[in-house]
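In what follows, chain A forms one complex with chain B and a second complex with chain C.
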Partner chain A sequence: MATVYINDKPVDIGTERLNCVQAAERADVHVPHYCYHPSLTVVASCRMCLIEMGDLKDGKVTMIPKVFPGCQTPVKDGTVIVTGDYAKRDTSVPPLAYDPKYVPADRAKKAQADTLEGILLNHPLDCPVCDKAGECKLQDYSFEYGRGETRLVDEKNQPPNKPELSSKITLFTDRCIMCTRCVRFTREVSGQAELQVSSRGHHSEIDIFPGEPLENKLAGNVVDLCPVGALGSKDFLYKQRVWYLKSTDSVCNRCSTGCSIHVDANKDVVFRLRPRENPQAQGYFMCDEGRHGYHHADSTERIARPLVRRGDKLVAIPYLDAAQEFRNDFETHLRLHPGAVWAILSPFLTVEEAYLAARWLKGKSQQVKLALGHVPMVGEDDTYPKDRRGRPIQPVKFTIRAEKCPNRLGVEAVLRHFEGSVVPLAKAIESAKRGEAKAVLLTGGYPDPGTLNVFAEKPNDLMLAVTDIFHGAATALAKYVFPATTFSEKEGVYVNYAGLAQALHRSCKPPLEGRSEGQFFMDLAQRNGLFNAATIRKELAAEIRYFAKLADGIPELGVKLF
Partner chain B sequence: MSAKTVRWVEEPKMGLFERMYLPAIAQGIATTVRHILKPQVKTEQYPEQEPKLPANYRGVHRLNRDDDGRVRCVACYMCATACPAHCIDIVAAPAPAGWKDREKYPETFVIDELRCIYCGMCEEACPVDAIELTTLYDLTGLSREEMIFDKEKLLSVWDQTTKAGTDPVRTKSGHYGPAADLPK
Partner chain C sequence: MSFEPTLLARVNKPDSHRLVGYRGDGGYATFETALRDKKPVEVVNQVKDSGLRGRGGAGFPCGLKWTFLPKDHPGPIYLCINADESEPCTYNNRILMEKDPHQVLEGIMLACYAIKCERAYFYIRYEYGTAYRVLQAAIDECYANGLLGKNIQGTGFNLDVYLHRGAGAYICGEETGLIESLEGKRAWPRIKPPFPAIEGAFRKPTIVNNVETLCCVTQIMRRGNDWFKSMGVPPDPKNPRDAGSYGPKLYTIAGHVNEPKCVELPMGVSMRELVEKHGGGVWKGRKAKAVNPGGISMGFVDVNAKIKDSNLTEYDIPLDFNGPGRVGCLGLGTAAVTVVDDQTSMIDVLHNVCQFFAHESCGQCTPCREGTGWMLKITDRMRKGQGRREDLDILIDVADRMGIIPGTTICGLSDGAGWPVKTLIRKFRSEFEEAIKSGRRSVVKSLPLVGIH
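The block that comes next holds the complex of A and B.
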């Protein structure tokens, strides 16, 4: 058992191997830092985390008369740490027996102010036009720890910007503070080491090797890692000031890894996705497929209104009329020949939505057949880091999965409960081709147009109803088309490849006449009221044992179902 | 608040003389007669006579131009953020290729002059002195659309007011801030 004292406060760290920054975090003391990141190697180059250190032995504190970089200095039993924030310490804790001549935090505070002055020497201070302003660590720490004014009389370095760094990322070279987080990321996590530091001293710059831009699939993370506004995402560049964005916790829907994300949206438009730290799901990062994969949400091509076939044409009619017409039609089929009615539940539905659909149909007749929707698979699981030739190396730090849907396991669990087994989509199509199926409800919600092209042709007497985001071969044949919603527009739970159930939260309204599938199935089942994910979750947790853990809400980082 | 801290005040009682109200009437007539004989208030004969307004009057906005005639605004959204009436709408974009001194400029810049409360916070927030309120006060229009000023209209207010010489630039001693004042 090891006890560490941070600003007089004792913290028991057990047998863990921690550095001063991590140990201080345990005592709710934040040590400011730029270059340190828990998933990257420590270089201690920014000097922002400078602290004072000492030893407590026999009730007496011996302080070492210099400052240490907190990120690089491990703690042991009896270590005393004094940070620059000593004045803001928890005063209810009795102070340690320091040497009477020692002034706590005097050195650390001055060292941090000096560090910031050094960092700001060449910083252009163009905060008004910098996209990072508002969430910039340089702004925050300068405000809290820095000096009010500069003493520099010479001209600042103004190296030219490097928009050619990558097709997705631009570098504002003059804003860089040389923390090298991006360089270490490309070396240690994505592995292909596209970035490097060129030149020396005040002239050092982040750069690529000539003709080899930063184009790996994890490249977008360097923008999040950058503590200042040097690396900017071209996708988000100048789109919004960050203080207008409202951040909602959600789950990426682009593959079955199910990365925890922040959805940053303003006025019902998603502007960017950021990874949310979650050791159970993906760690600290997310891939560019997910990061830039939200544009379908505000595409003008989206199906935004319920459409009903009148003769040859699909005609937009109000949602309630369309839902009622579809329900009457579908329930007639259910009455006449329930064994010839299929519902295909897409792996893009949330658990609640799949449950509501299954509950409604199986409540009408046990003979209705439920099948799992199309599971898009692209290539093979893509693991990082990779070496310079693009071959994966161990240990794996990030995986982009081949299964490009977020909730296969969740929907399968619902299907297994109601159907007994998971019926593949192929069986439904076969049955439709043989003319045995009379009515099919095909749910989609696929973010890429053209994914749901499974019904290339259909028998004339088959009644096909489709919910999807984009038009395709299936909607062209359908009698009813309903708009589907995407991850930013619904509440619910996705279960990732490892059985981790995470909650989605709504950040935007669905387009025009769109309703979330949850609401749609509630209306079809003629359940009163508005769709409420938590209520439905309680119900399904009581009914399906697989989801029993979801009954009392879902923690921020999700809950493992098995 | 306790009952002890409350102090009750009685209004003074009027005597018989005051209750006749005749002295007050006489006082009023005296004031009227004094003003007839010797007028003390001078009525401004608007619109024949234009008022002379102080230079810090807060009228219609303008977008200032720099020495090259380009819009000075760098689309930082400070004015839109400071605006209590939410009447400023900006769409930012990377600056045209020829503009060497800046990276960002406003693609559109729209002020809803009807929604604006003319508080001047936008002018105060601007780091490059690009938006200013002028002494143009007689703002009229025949439709709501007409009162929504876009970038061209706001720049034309600059042209109009600088040509007329009514509104000199209210700069902060010629210093435009780091974003606009890069060395040439």
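The block that comes next holds the complex of A and C.
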């Protein structure tokens, strides 16, 4: 049992090995920092986390007359930490017995203000045109800990910007505060060490090696890691002021890792995705496939209205009419030959959506066949870090999975419950080819156009209904086409490769007349009211044991189902 | 009584840099005796008892440093020899390496034997081309004569010495910066702890010693502790933290003197004696204004400033490990004495200092990276006659807040960058104020070319 005192407040840290920043976090005291990041090595160079330190022994506090970098200094039993925020301490806690001559936080506060003065010396202060403004640590800390005026009357250093740094990232060299987080990331996590520091002293710059731009699949993370506006994502550059963005917790749908993300959207347009720290899912980062993989959501090519075949043409008709027409048609097939009706559940459906579809169909007839939709696989699992030659090295810190869908496990669990086993898509296709299938509901929701190209040769009498995001071979043959929704337009649960169930939250409306698949299946099943994920979740948790843990809601970081 | 140099005794002798010459003067006998008759711990203890303090600048007791190595470590343990002598006006290591490399190598062998190190890395600054070639020849001679390599003289002791050339950066003289550079990385000093003795080069226990320190080791082992302690200044009884300043020391005299040179003297010679007697006095018949006791990072003394309660001025302070500290300097440093004559503008001196440190700051810690750059910009402007009175306060403020003493940086470079600035401004403030008021420019286009090499 080790007790550490942070701004007088005792915190029991047990046997954990913590540094001052982490220990202070336990006492709800934030120690400002730039270069420190929990997933990277400590360099203690930004000197923003400076604190005062001492020892409590026999009721007496001995403070050391200098400041320490909090990120680098470990704490032990009896360590006394005084941060620059001492004045904002919890005054209900009695103060420790400091030396009467000692003024708590005097040194730390001055040191932090001095550090900020230093950092801002050569900073261009171009916040009005900087993308980071509004979420910039330099703004935040300067406001909180800095001084209001500069004493520099000389010219600032103006190193040239480096848009050639990467195809996806640009460097505003003059805004850089040299925390070297990006450099350490490329060395320690992505591993290929594309970034480096060039030059010395106040002319130090982040740079690439000539002709070797930063192009690895995790590169986008350096933009998130950058505490100031130096590294900018070209994808997001000048698109939106961050204070207009509404951030929603969600899950990336680009592979079965299921990275926790923030979806930053404004007025139903997604502007960027950012990784959300989740040790159970992926850690601190996300890959660029996922990060830049949201553009399908606002594509103009999307299927935005229900379409029904009239002759050889698909004609847009109002949603309710289309849904009713389809339901009548489908339920006729269900009545006449239930054994020849198939529903293909896509691994892009949420658990709730898959459940609602299965519940509806199996409620009509036990003979309806359910199968798992196409599971896109690309290459092999791609692990990081890699060495300079691109070969993966141990220990693995990030994996981009070959399975490019978010919810195979969740849909499979639903299928196993209703169908007894997971029937592969190939069986449904075979059955259709042999002319045994009469009606097929094919759900999609694939973010890449052309993924859903099964049933290329449709038997003439097969009634095919498709829900998908983009037109393709399947929709060309379909009698009914309904718009599918993507991750930013849904409420629900995805289960990742490791059985971690995480909640998606809706941040945007579906396009035009689109409705989420959850609502669609409720409408088809003629269940009253609007789709509510939590209600459906309760229902399915009670029915399917695999999902029992979902009954009480889902914590922010998700819940492990097994 | 005249003083007989020992460290420099062989300089200028014929064949001083060759093994045959060194052998002729009884060289390597000490190492061979130690190898045969002494246990490593005996060597450590003798060096520890001699009171030898590191000659690299910080003055840390050498033997004590050796004892910080983990006990019974399975190895490897490394020795790094710090020959990245980049402090302006310092060249004492260079003379040792160029003129008497075997003395250095014997010190390395003794040290390696003492700390059970089988691999020593000799980190030499790039600019020392001659020293590099002389040392490499000396190392080759040692290999050829069975003084280095495997199973030296049948005792089972192995030692390899690798000569490594730096790429020209002051920061490589900082021991962890040196280690990083040796490992092939950017010379960014490491955060401490762990200290190199626990985790140093290639993450193994490492001792970093200066060239002159190792020469002292050679002489201590040859002549004994009584000889070593017969010179220098005993510890100050009033200061329990003072370890004393024993032994001979190489002082380099540079700047505005008639005879710039490197002399060996017992520790504790006064600055006045050093400059007036050994350096031949200030040049052109002028008087000294400011003197720097040990490389510019140690700060400056005002020659005319009286020391409180005595007839002496700051010029009379003894050059031992404590002397310069008593007049506001950082310490003895490398004992490179630089003299500034009374015709020199202190703004130019200040600018020169700032330029050096702004150029050499590694750029890792914010206070030093930005502070040194800012100080250069201010002094640049002052030289153009556009200084402001408040600039002096800003300079002192910036200089005061960076360094490992206030705790705001990783290494001591920034203490050294701030110290000359604040000592200069505090001691010569009236001159700075007068210069600012007059708006005098001291920028000259360029100095006339004296010669090429």
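Note that the second predicted complex is superposed on the first by the 562 of 562 C-alpha atoms of A that agree within 3 Å, B and C clash if a C-alpha of one lies under 4 Å from a C-alpha of the other, contacts with A are read in each partner's own complex, and residues count from 1 in each chain.
Keep this in mind: a contact is a pair of C-beta atoms (placed from the backbone, for glycine too) under 8 Å apart; a residue touches a chain by one contact, two chains touch by 3 or more.
It should be emphasised that the depicted structure is a prediction, and the values quoted were computed from it without experimental measurement.
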Clash or fit, chain B versus chain C on superposed chain A: fit
If touched residues of chain A are counted for chain B and for chain C, the larger one: C
Partner chain in contact with A:111 - chain B first, chain C second, else both or neither: second
First (chain B), second (chain C), both or neither touched by A:541: neither
Which superposed partner A:297 touches (first chain B, second chain C, both, neither): neither
Once both complexes are placed on the shared chain, angle at chain A toward chain B and chain C, C-alpha, multiple of 10 degrees: 90
Partner chain(s) touched by A:119 [first = chain B, second = chain C, both, neither]: second
Touching partner for A:154 - first (chain B), second (chain C), both, neither: second
Partner chain in contact with A:67 - chain B first, chain C second, else both or neither: second
First (chain B), second (chain C), both or neither touched by A:238: first
Contacts of A:129 with chain B and chain C, given as first, second, both or neither: first
Distance in angstrom between the closest Cα atoms of chain C and chain B, superposition on A: 18
Footprint overlap on chain A, comparing chain B with chain C: none
Partner chain B, residues of chain A touching it in the complex: 124-126, 128-129, 161, 172, 237-239, 241, 243-244
In the complex with chain A, residue positions of chain B that touch it: 74-78, 81, 92-94, 102-104, 127-128, 177-179
Complex contact set, residues of chain A against chain C: 42-48, 50, 66-69, 72, 107, 110-111, 114-115, 118-119, 121-122, 151-155, 157, 177-178, 196-197, 199-204
Residue numbers on chain C that touch chain A, as the complex places them: 169, 186, 188, 191, 358-367, 369-374, 377-378, 380-381, 388, 390, 394, 401, 405-410
